[in-house]
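As written, the chain order gives the labels A, B, C, D, E, F, G, H, I and J, with residue 1 at the start of each chain.
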C-alpha cells in the first residue's frame, strides 16, 4: 500500500501535469484551500466525499481514497523551522505568545484555543504599499475544568 | 536603571492594584491590545506618546518612559513552548506550516509574510456551541528579489 | 505580589506544620485530590470558592486567593523527566503512544483526547502480590473537523 | 530474516485486506487490545500461543512467529512527540507529573509505579456532550528498598 | 519530476564537464554570482529568463526550467555549522550579534535588516600581507510598526 | 574585581547619563564603531590607549582599564538566536553558507575567511524606497596548508 | 524548611569537621555505603531509624530527620555527564547496552532489571598491577507481562 | 568489503539458524559472554584466535575474520537510551553517579575507573521472590597524576 | 561523479587489498601521515602532485584525482563524539580548555591558535610502563586586531 | 566551607594583586604550568605539598589547602564551546578525530590514549612569519583487553 508521502508526491505531480492551482483543487473538493492542501500534504484525513472527488479530479489510483481517509501521524522534522516563510510564524509565536496568552485569559478566562476544533484561512489584501498576507485562525475556546 | 523585566513586573502590579484590564490600558495608550500588551511585557518598544500615556495611566516612575522606548532584545526560553495555550499555536505552525507556505506562494509568488511590518488582533466570537478565539495576523508580503 | 512558586512553598510548609494530607486538603476544598494538588503546585487555577477554602484551611495570607485564581503559565524544565516515578509515565507514552493512537482512532475516528476537558484520578488497588497504582484519565474526544 | 518493522508493515496490510479491526485481532489472540496492538506494532513480544494465533488469523509467513516472540528494542524517534494525539499525553505528564508523584508517595510511600508489571486499557465513555476517552493504567507499586 | 537536490547534482556535473566557473555561469544568467549560485544550490528560485539561460548554458533537460523556478523549501541540517569556512560566519554572528543590533538601532531606530529584500557580494581584496575576503550584505531596514 | 558583565552595565548607564551615542564613544576611543561597541559589550579586549580614553570619556573607575584590557571569554547563550534582528543574520548564514563557501573556494582556493584578522562596518544607505543596512565584513583569507 | 540541597551541604560540612569517612557514616546508620551516601546526597529517602542515627551521629538539627525521610525528586543536570569518573560509566552503558540486553534476555526472557528493587556495592580489589574498582549491581528481574 | 553492521546481521542469522545461544557461542570462542557478544555486535575487536573460532563455528565467509579483528568505531544513536532495559542502567548512573564518585575517591583517591582495562559479567541469582540480575563491573583504577 | 565518501571507501578497500599502512601511503604521497590520512578520509583537499601520487599508488580511477583536489565540506555527525578514543580528546578540551586559554593569552596576548595554518603529528613513545601516545599540534598564533 | 569556584575567584584576585604570571605560580608550586593552572581553575586536585606552596605563595586562607586537595567534579557548560580559542581545538577534534583514531590504531593496535595518565604542555615557537602555539599531549596507550 502506498504511504501518505508517496501519495503526496503523486498528487504534486498530477497537479503540475494538469496545471491546477490549490484553489482549484480545493474548490473541486468543496473544501477551503487550507484544509484541502493540508490533506493533500498528508497532515489531515479526508471524509469519503472529498477523498473521492480528489481521486476523480486528479485521476489518482483507487487505493488513494483509502489512504486519504486514513488518520495521519503528524510529524515535522525541525523543532525550529528553517524555511524563512515558516520561521516567521514560529517567531511570531515566540514574540507574541505571552501576549496572546494574556489576552485570551482576559477575554475568556483560564483555558486554551483548540488546535483541533479549528479552522484557518489565508487571504491576500491588496495594498498599494505592498500586498499583505492575512491569516485568520479560528479555534474553539476550551476552558479548563476542575474536578 | 530598571531592566525591562523589572518594569514588566511593576506594570503587572500597578495593573492589579488599579484593577485595569489590558483592554483599558491599551485604550489609554491609543494602541491595539496586542501591541500594547507586547510592549508592557517587554517584547516591543513604544513611541514617546504611548510611553508617556502609560507612565501617566499607571503612575510609573519617570525613567519608565525611557525603558519603554528602548529597543528590546527579544528572547524566549523554550524553543518548544510548554504552556498548553502557547503550544497549540506552535502545533498549528508545525501541522500547517507547509500548507501556509504552499498557499502564500500560490497567491503571491516566492517570498514571505513579514513578521515586522505586521499586526495581530485577538477577538472573541460568541457561539452557542462554545465561544471561539479568532486570531488575525496581517503581514506585508516581502518578495524575494534576485540581484 | 507573591509568585505562584512562593505560594507553593508556603502551602507545603503549612501542610507540614498542620500535618495535613493532600487527601484532607482536597476534601477541604471539595475537589478531587489530583486537581487540588495540581493547583497547590501552581499548575492549575482555582475558582473563587475552593481558593477561599484553601486560604482558610491553611491560614494563608489574603493575597493568596488572587494568586490561586490566576491563570498559571505551565512550565516544566526537563523535556525528558529524570525522576524515576515521572519517567515511567514518559516511557509509557513512548512505548504505547502509537498503540493508544491506533485504538482511539479505531474507536472514535480521527481526533484526539482533550488534555483540557480532562480529569485524572489515582487510586490504590490492594493486592497480596503487591499493591497496584491505578491511574485513570478521562478526556473528551475532540474530532478533527474539515472546513 | 524479516525485521520487526517489516512485519508490522505486513500486519497492517493484511489487517486492511481482511478488513479486521484491532479489537477483532486482539480477540483472536485472546489478548487485550492495547497489548495486542503494541505487539503488532513491534513494541512488545508475544508468547508462543498468541503469536501462533496471529500468524493463523492473518495468514502470515511461518517466520513471523519467531519474530513476534523476539524481545524488541523499544525505540521512539521524537523525545517530544509531534503528533497531537500523542503530544496531549506528553503534556499531561508534564503538567501533572509532580502531582502524580505527590499523591503516589502519599498513598504508597517512596517508590514508583512499574511500567513493566503494567497494563493499560482504552475505553469509550458515551456522553451526550461528546464521547470521552478513558485510559486506565494499572502498574505494580515498587517500593524503594534500602540495603 | 526531478527534485531540487537532483537538479543541483546535475548542475555540478555539467559545470565540471564544461569547465565553467560560477562567475561564468552567473554572467551567463545575467545575475550576480551569489544569487546565481544560491539558485543553482536550490536555495532560491529563478525568474523565467535566467532559468532558461541556465538550461541553455548547461544543456539541462527541459523540466529543469520549472524546477529552477519553483519556490524552494530552505533547509539546513546543522543548527551549528561544522564546516570551518561556514562556522567562522556563525561565530561572527555570535560574537558581534549584540554589537550589530546596537548599531543598527542607533542608526535606524527599532527594526531589523531584511534577509529577503537583501543582496550579498563576495569580493577578493588583494593584499601583500595576504588577500582578503570582503563580504557585503545589503538589506532593507524594516522598522517595527505599532498598531 | 568587577566582572566584564558588571562593567558593561556601568558603561551603558554612563552612556545614557551622558547622552552619548556609540558613534561618539567610538570616535572618542579612535576606533571604529563595531570594534568599540564589541569591546564595551565585553566581547573584545582593548589596547591600553583606547581603554584609557574610554575610562576618561565615561568617567569609569580606575580598575575599568584593566578589565577592558583583559582577554574575554566569548560566550553566547542561544545556539540559535531568538532576537529577530540577530536571527536574520543567522538565517543568511544558513541560506547562503554553501554559496559563500563555493565562491570563496573559487576565488581563493581551499581555505577560510578569518574571523580573527577581521573587521566589520555597518553603514546606512539612504534610499527613497526605504533606507538600507550595509554590513561589510573583511577577513584575511587563510589557506589550508598541507604538511 | 531546609531543602535537601541545603541539608546535603550541611552533612558535608559536618562530615569534614568530624573527619568521618562515608564508610564510618554508613556503618553508623547500619546501612551499606552506597545507599547511605545516596541518601546523604539527597537521592534516596531514609527510614526513621537510620535518619535518627545520622542526625545523632552528625549532630544535625531536629528538622533534618523529616527531610531525610522525605521522598526526593531525583534530578541530574547533564544528560551526558561531563565528569570523567561518571562519564566512563555512561560510556560503558553506551558500548555494552545492547550486549547487556541480549544476555539478560537470553538468561531471563523478555523483561528488565529493576533499578528500584536494586542494590549496589563498590569494592576495592587489590592488584599488584594496579588496584581495581569492582562495582556490583543487583536488581530484581521484572518480566514483561501480557494482559 | 562487508561492514561491521552487515557482519552482525549475518551472525544473528547464523545464530538463529544453528539455534545457538550466546553462552554457547562465547564458549566456542573461549571468551566470556559479555565480551563475545560485544564483539559480535560490532563494539569490540577480536584477537585472531577467537575470530577464527567464530568464523568456523558459524560458518562465516573468510573475510569475516578480518572484519572481526578490525578496530570498531563505537557509536550509539541515542544520547539517552529509550529501550527500558538499557534506560534503567542510564538511570542508575544518573541517580548514583555522584555516590559512586564519592566512594571511589574515598577508597582510591582522585582518579577514575577505567572503561578500557575493564571487564563485565552478567549473572542470574535465583531467588524465590523473583530471580535477580547481577552485573559485575571490574575496571582498573587510574589515578590522576600531576606533572 | 563519485562522492568523497565513495572515494574514501574505495581507498580503504585498495589499502586493504594492497596491505599498505597509512605510514606507507603517506610516504608515497610525500606527506605527513596525519595530513595524508585526513585527505584520504575526505577531510582535506590535496594539491595535484600528492593526488596524482595517491592515484598511482592505489591504482584509483582517473576521476579520483579531481575529487581528491576538491575542497571538502567538513562535517561530523556527533557534536559529542561517542567513540572512546575520540571522546578522550573531547574530554581533554572540556577539562583543559580554560587552562589552555589562560596560558596562550599569557604567552601571546589576546588571540587564538589557528586551526587552518596548523599541523599535527602523532608519535609513539616507548615506555616500559606502557607505551605512550604523543600528539603535537602546531598552529599559528592569530592576534585579535582592533580597527 | 568555600567552594572550588569561590577559591578560583580568590586565586585570580590574588594573582592580579601580586602581579604574578601563571608561569611564576606554577614554578612556585614545582608543577608544570598546565597542571598548575588547571588546579587553580578547579579542574584538578593538588597533592599536599603543592597545595601548601600555593597557599603560602598567594597568602590564601588556611582552608584553601583542603579545598585544593579535594577531588573536583569536572563540569563544563557548553557541549560545543563558543569561545573562539577553545572552539578551534573542538574543531580540530571534529576534523581530525577519525584520522587520529586511524593512526593510533595503526601504531598501537585497538585501544585509546588515556586522558588520565596524561600530561600537556603549551609552548611558544618563535617564527618570523608569526609565532606559533605548540601543544603537546602525552597520554598512556590503554589497550582494550578481552576477557
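Odds and ends about this structure:
By our rule, contacts are C-beta pairs under 8 Å (C-beta built on N, C-alpha and C of every residue); 3 or more make two chains touch, one makes a residue touch a chain.
Because the structure is predicted, anything quoted here is derived from the model rather than measured.
In terms of C-beta pairs in contact, D-G outnumbers the other of G-J and D-G.
When the contact pairs of C-G are matched by residue number across A-C, C-H or G-J, over half of them reappear in G-J.
Chain F has its Cα centroid 23 Å from the Cα centroid of chain E.
The distance from the centre of chain C to the centre of chain J, each centre being the mean of the chain's C-alpha atoms, comes to 49 Å.
Work out the mean CA point of chain D and of chain J, and you get 50 Å between them.
For chain G, residues touching at least two other chains, in rising order: 34, 44, 73-74, 76, 79-80, 82-84, 91, 94-95, 98, 101, 105, 111-112, 114-118, 142. Against chain H, in their complex, chain J makes its touches with residues 31-32, 34-35, 39, 44-47, 50, 71, 73, 98, 101, 105, 109-112, 114, 116-119, 142-147.
Residue ranges of chain A in contact with chain B, taken from their complex: 21-23, 33-34, 37-38, 41, 43-44, 74, 76, 79-81, 83-86, 88-108, 111-115, 117-118, 120, 122, 124-125, 127, 129-142. If you check the complex, the residues on chain A that touch chain E are 12-13, 16, 78, 80, 82-84. Here chain F touches chain J in the complex through residues 1, 66, 73-76, 79, 115-116, going by the rule given at the top.
Across the complex, chain B is touched by residues 80, 82, 84, 87, 91, 94-95 of chain D.
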